[in-house]
Amino acid sequence: MDRVDSTATGRELHRFAAELYPICRSITGDGIRQTLKIIQQRIPLEIVEVPSGTSVFDWTVPKEWNIRDGYIKDSSGRRVVDFLKCNLHVLNYSAPIHAKMPLSEIRPHLFSIPAHPDWIPYRTSYYKEDWGFCLSHNQLLALPEGDYEVCIDSTLADGSLSYGECFLPGQSSDEILISCHACHPSLANDNLSGLTVATALARILVECNANFHYSYRFLFIPGTIGAITWLARNRDAAARIRHGMVLTCIGDKARFHYKKSRRGDAEIDRAAAHVLSHLTEAPEILEFSPYGYDERQYCSPGFDLAVGCLMRSVWGSFPEYHTSADNLNFIEPKCLAESLRVCATILDVLENNGRYRNLSPFCEPQLGRRGLYRTTGGDSIANEINARLWLLNLSDGENSLLDIAERSRLPFETILEAADLLRENSLLELAPEAKGREEVPAKVAHKNVVPSS
Amino acid sequence: MDRVDSTATGRELHRFAAELYPICRSITGDGIRQTLKIIQQRIPLEIVEVPSGTSVFDWTVPKEWNIRDGYIKDSSGRRVVDFLKCNLHVLNYSAPIHAKMPLSEIRPHLFSIPAHPDWIPYRTSYYKEDWGFCLSHNQLLALPEGDYEVCIDSTLADGSLSYGECFLPGQSSDEILISCHACHPSLANDNLSGLTVATALARILVECNANFHYSYRFLFIPGTIGAITWLARNRDAAARIRHGMVLTCIGDKARFHYKKSRRGDAEIDRAAAHVLSHLTEAPEILEFSPYGYDERQYCSPGFDLAVGCLMRSVWGSFPEYHTSADNLNFIEPKCLAESLRVCATILDVLENNGRYRNLSPFCEPQLGRRGLYRTTGGDSIANEINARLWLLNLSDGENSLLDIAERSRLPFETILEAADLLRENSLLELAPEAKGREEVPAKVAHKNVVPSS
Amino acid sequence: MDRVDSTATGRELHRFAAELYPICRSITGDGIRQTLKIIQQRIPLEIVEVPSGTSVFDWTVPKEWNIRDGYIKDSSGRRVVDFLKCNLHVLNYSAPIHAKMPLSEIRPHLFSIPAHPDWIPYRTSYYKEDWGFCLSHNQLLALPEGDYEVCIDSTLADGSLSYGECFLPGQSSDEILISCHACHPSLANDNLSGLTVATALARILVECNANFHYSYRFLFIPGTIGAITWLARNRDAAARIRHGMVLTCIGDKARFHYKKSRRGDAEIDRAAAHVLSHLTEAPEILEFSPYGYDERQYCSPGFDLAVGCLMRSVWGSFPEYHTSADNLNFIEPKCLAESLRVCATILDVLENNGRYRNLSPFCEPQLGRRGLYRTTGGDSIANEINARLWLLNLSDGENSLLDIAERSRLPFETILEAADLLRENSLLELAPEAKGREEVPAKVAHKNVVPSS
């Protein structure tokens, strides 16, 4: 198992992001399809195609969009805006156009960011047929008035919406959902970081080859319409989701942010907060709000799933968001690796969060004669012994290991190790309703698998 | 409806206070009776007379007090203390007296405030028969020893206690109570501010001529004994009170204070806190305590009504309290107008605080095709759109609009406007138990009725 | 009752500590036995002997340890470490040894504190048979290499474990437990402070000769094994314990710390926090943790008793802890007296914490005609009157006096005095379920019994 080290993990994640970066993805079309096929090389992924026009709840799967080229040429025939140089230059989902017109007529179709005059914005028009170009403000200012040739060589035609699904069955039919959107073109933090970390996490689970308690479902989907499509077609599976996270913007070096599920006190919310507080610096836990990523859909009132959203920088709050500055330099190998470790550790908490019963509940059992205590009295005790005392005290069948970790302020891992030791010593047993979970064998974030950075 | 502007509203409130200021009110007698008649010129007010000697719970309606004159004359016959100059000079409810006596005998009957030597204190002796004079400390210090003529030309005789009641029926028999005391003589903030704002609020409701959900009851009563008398005689009506506020000290320029009801988490408590936090600067929410104004009676354990107390300065905590410095200069037109606006906005919250059901609860409905979303993606969204998302997300029949306003930190009005829009678009309906409230038509604090100052 | 003053109380407590200080106590043996006999001179104490080898839950009562002498002699026959000078010098529960050996062989058996080179540590080895010496680090550094004679003239043999129990029956079979450990040798704050204050508290109860509501049980026991032994032999009595405190480290001048019971919101937890906040400076309330003193056993999940721990300095957090510096100079008469007062006041709260019913619950009763209010209105009211209003308002049979004291932020004593007055005036009665408690006559901390320091 000792085949990866943290540096290597980070480098591999970044290399994977770099491979996916140039592809012009959108919510449908060959860009996302090609992306899913590359992911399929790493993990068992079913690629699902849903035809244009399919009704999904209140929505309809749109026409498929593909693009070959797009430019604005000046009167000399020079490309002054060129899709082939950066796929952000074309308003995503632009309808085809090929015409000559004066700059004054083009202007309403141009998007730039005056505050960051060197950056190209990322803009979309999925559901209102339109065309447009995004360009740096300096580019825009440099355009003289006059006639230009505008061309967007795209197609909007019946086709299908593509998404990828990786299902890894566990002992239980209860599921953990990891979801990320795969519809953004050349943007790194949003959302190649989520894509690459989710892929690596699924791969670790596959490679562990372990008999996990939960079944796992990884979704690589176009934002909003993809989540809606999946939920509309998988209401039974949705009903089996016990915990879930949307992964996005987890490659930059900002501190972590976790946005709680609509429920606000779900096990995933507490597990994420616990892990972040022990593994990372100054994490911030955000209350649920209905705007954001696909947790919007998973947490809609008809579903109300326990799905939160893990981020480093929060979408919309960093200047590089939805611009060409969210590039491969903006995400860092060690940050990607740390995010992977956080995710794996959260899964470990969920996998192992049983309730136990102290088999010697009247007074403390004599740990000393079992070699579970210090021998010379009068001095203070170590965290490991403290964890045993907490477990014995709180294991009345009501408190989960996470409850105990929270109350004791000890890391879950320390509590779990103590629980294993006390079980070996017949001082603790799993509470009856958790009996089926006795044989959870693996730690996803085991130090040899996902080394700390 | 555009007939008032904020400046005019404030000026009219202050003018009304000035009209009432000179009257020597007490808990019974012609002063309060005359005050109620002036209020009656503005709103439909029933003036109720309850005979002296009537038992009201543990209390008895006292004899009626009336006063024509009161003075202390020095040996030269000059009035050194003169009721006709300021009605605070006589200890309120003083028994009649006419005698000559040396200053040394008068001293135990004199009240002054050494810390504010120019102000006359306001003191009362309702339930212990006594006589006395209040005067500025400088006046007191200037009195030479010697004989004086003291005269209080008052009567304490069987009569009645007077209070005013304005009842405005709504669709529901559930009531909202607005209560203020009307027993203080020439004091402006305490309590002409409450009197005038309550009158204006009732008048707005009358002029709205709207089919309000709640029935409204405005009480203009003598403090303590008046509330006790009303409650003793109206136990059925008291049982129909769902929300209420005591209004007092709301004319000065201090920030707002709202004292919560005994329950502490009543809808009125949350509505008041919400409105104050959005409309005013740095409001302070105070826990309930059993000392204060007539919320003491409404919140006694036998009633335990959801009645709080709205103030700007808190009684007892400002130096001018219960002194001649609480005069017409101490209250300001724009502060009175702002208090009126706060009250009206609180009523709007209560009137419109329904629970809704999202009719498209599985995933977000497609707001874009209904013109309820922005069209170009990639940028942030406005509060109006955010309010729609919050409503759709939380409208599961359990959360009221106020719940949603609190959780989203958006103003209730923004949430309400979004709810109206979503209902028009068939995306939301009132929860079944609230169906009767579908047609609440009016906003009490509509900007054309009570303009913001 | 006016026979003690605070200075005298403190001096007496310190004198008692000084009497017990020289005795070499351990968890068994003549030291603790002699200590209990001295306590027996002051209060009715049953001394219980439990034979070695008795099974107590998961533990076994160990062999009895006694010691006459212990030393290390250098080659010249001089005692370089001498038990007779300070009983901390011998590792507590050391097995007998008499041998010559080079310093290098003795070293693993020597304990010192390099950070405090003049202090002798206190170390124990109860359950692993071993021998050893504790000495100051300077002593250790001064020992030249070479051969030494080591002698510990101790016995480890079948005998018994001794503990003391003082039971004072009250009206109810419900019990209040006061527990302290009595097994530490020459250490003053830990735990002669607890021993002496517990003894004085029991003596006050005896001398009050009052018909208390609760029965009281005082335990003077060896730490851990003593609590376990008592609990194993007294499960019926344990089931009757309603409130309890472990007393330890309450003689030094640090601010107070109270560690809450496992339940965290038990009446004792709230009573202790309330009393400390009103009687002492900047007390700190600590959450429960399963490490500490005998609350570990009382709060084990099989018992889960409402037992907290009262301390001034917290064990382990002050440098003198478990060293020779925790001597008679480290505890102060006035601190011991203050701790006694705090304990007595907490008992007063528990004894008197009834629930009442306002007999005039509709509006305020007219306090004025009963002489329970001020007579001249218009000014503020005193705490005594405020307490009456709070009691009348909250006495709906649900709120205890402590609930009311907490919500009003008034001292319990002020609330209790107001309750007595209102009962005398037939305005309040004990709620039906508390009727049996009408005649609690005495205040343990009555100012004439335990004067404030």
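A, B and C label the chains in the order they appear, each numbered from 1.
Here is the rule we use: contacts are C-beta pairs under 8 Å (C-beta built on N, C-alpha and C of every residue); 3 or more make two chains touch, one makes a residue touch a chain.
Nothing here was measured: the structure is a model prediction, and the numbers come from that model.
Note the rotational component of the Cα superposition from subunit A to subunit C, reported as an angle of 0 to 180 degrees in steps of 5.
The best-fit rotation has an angle of 120 degrees.
Is the contact between copies subunit B and subunit C built from the same residues on both sides or from different ones, judged by whether over half of the numbers are shared?
On the two sides of the subunit C and subunit B interface, the residue numbers are mostly different, under half being shared.
Could you please state the distance in Å, as a whole number, between where the Cα atoms of subunit B are centred and where those of subunit C are centred?
Taking the mean C-alpha position of each chain, the two centres sit 53 Å apart.
Going by the touch rule set out above, which residues of subunit C reach two or more other chains?
none
Quick check on the complex: what are the subunit C residues that touch subunit A?
Residue positions touching the partner: 56-59, 91, 111, 121-128, 130, 224, 227-228, 231-232, 262, 287, 289-291, 296-297, 299-304, 316, 322.
Report the residues of subunit A in contact with subunit C in the complex, numbered from low to high.
Those residues of subunit A that touch subunit C are 358, 360-366, 368-369, 375-381, 386, 389-390, 392-396, 407-408.
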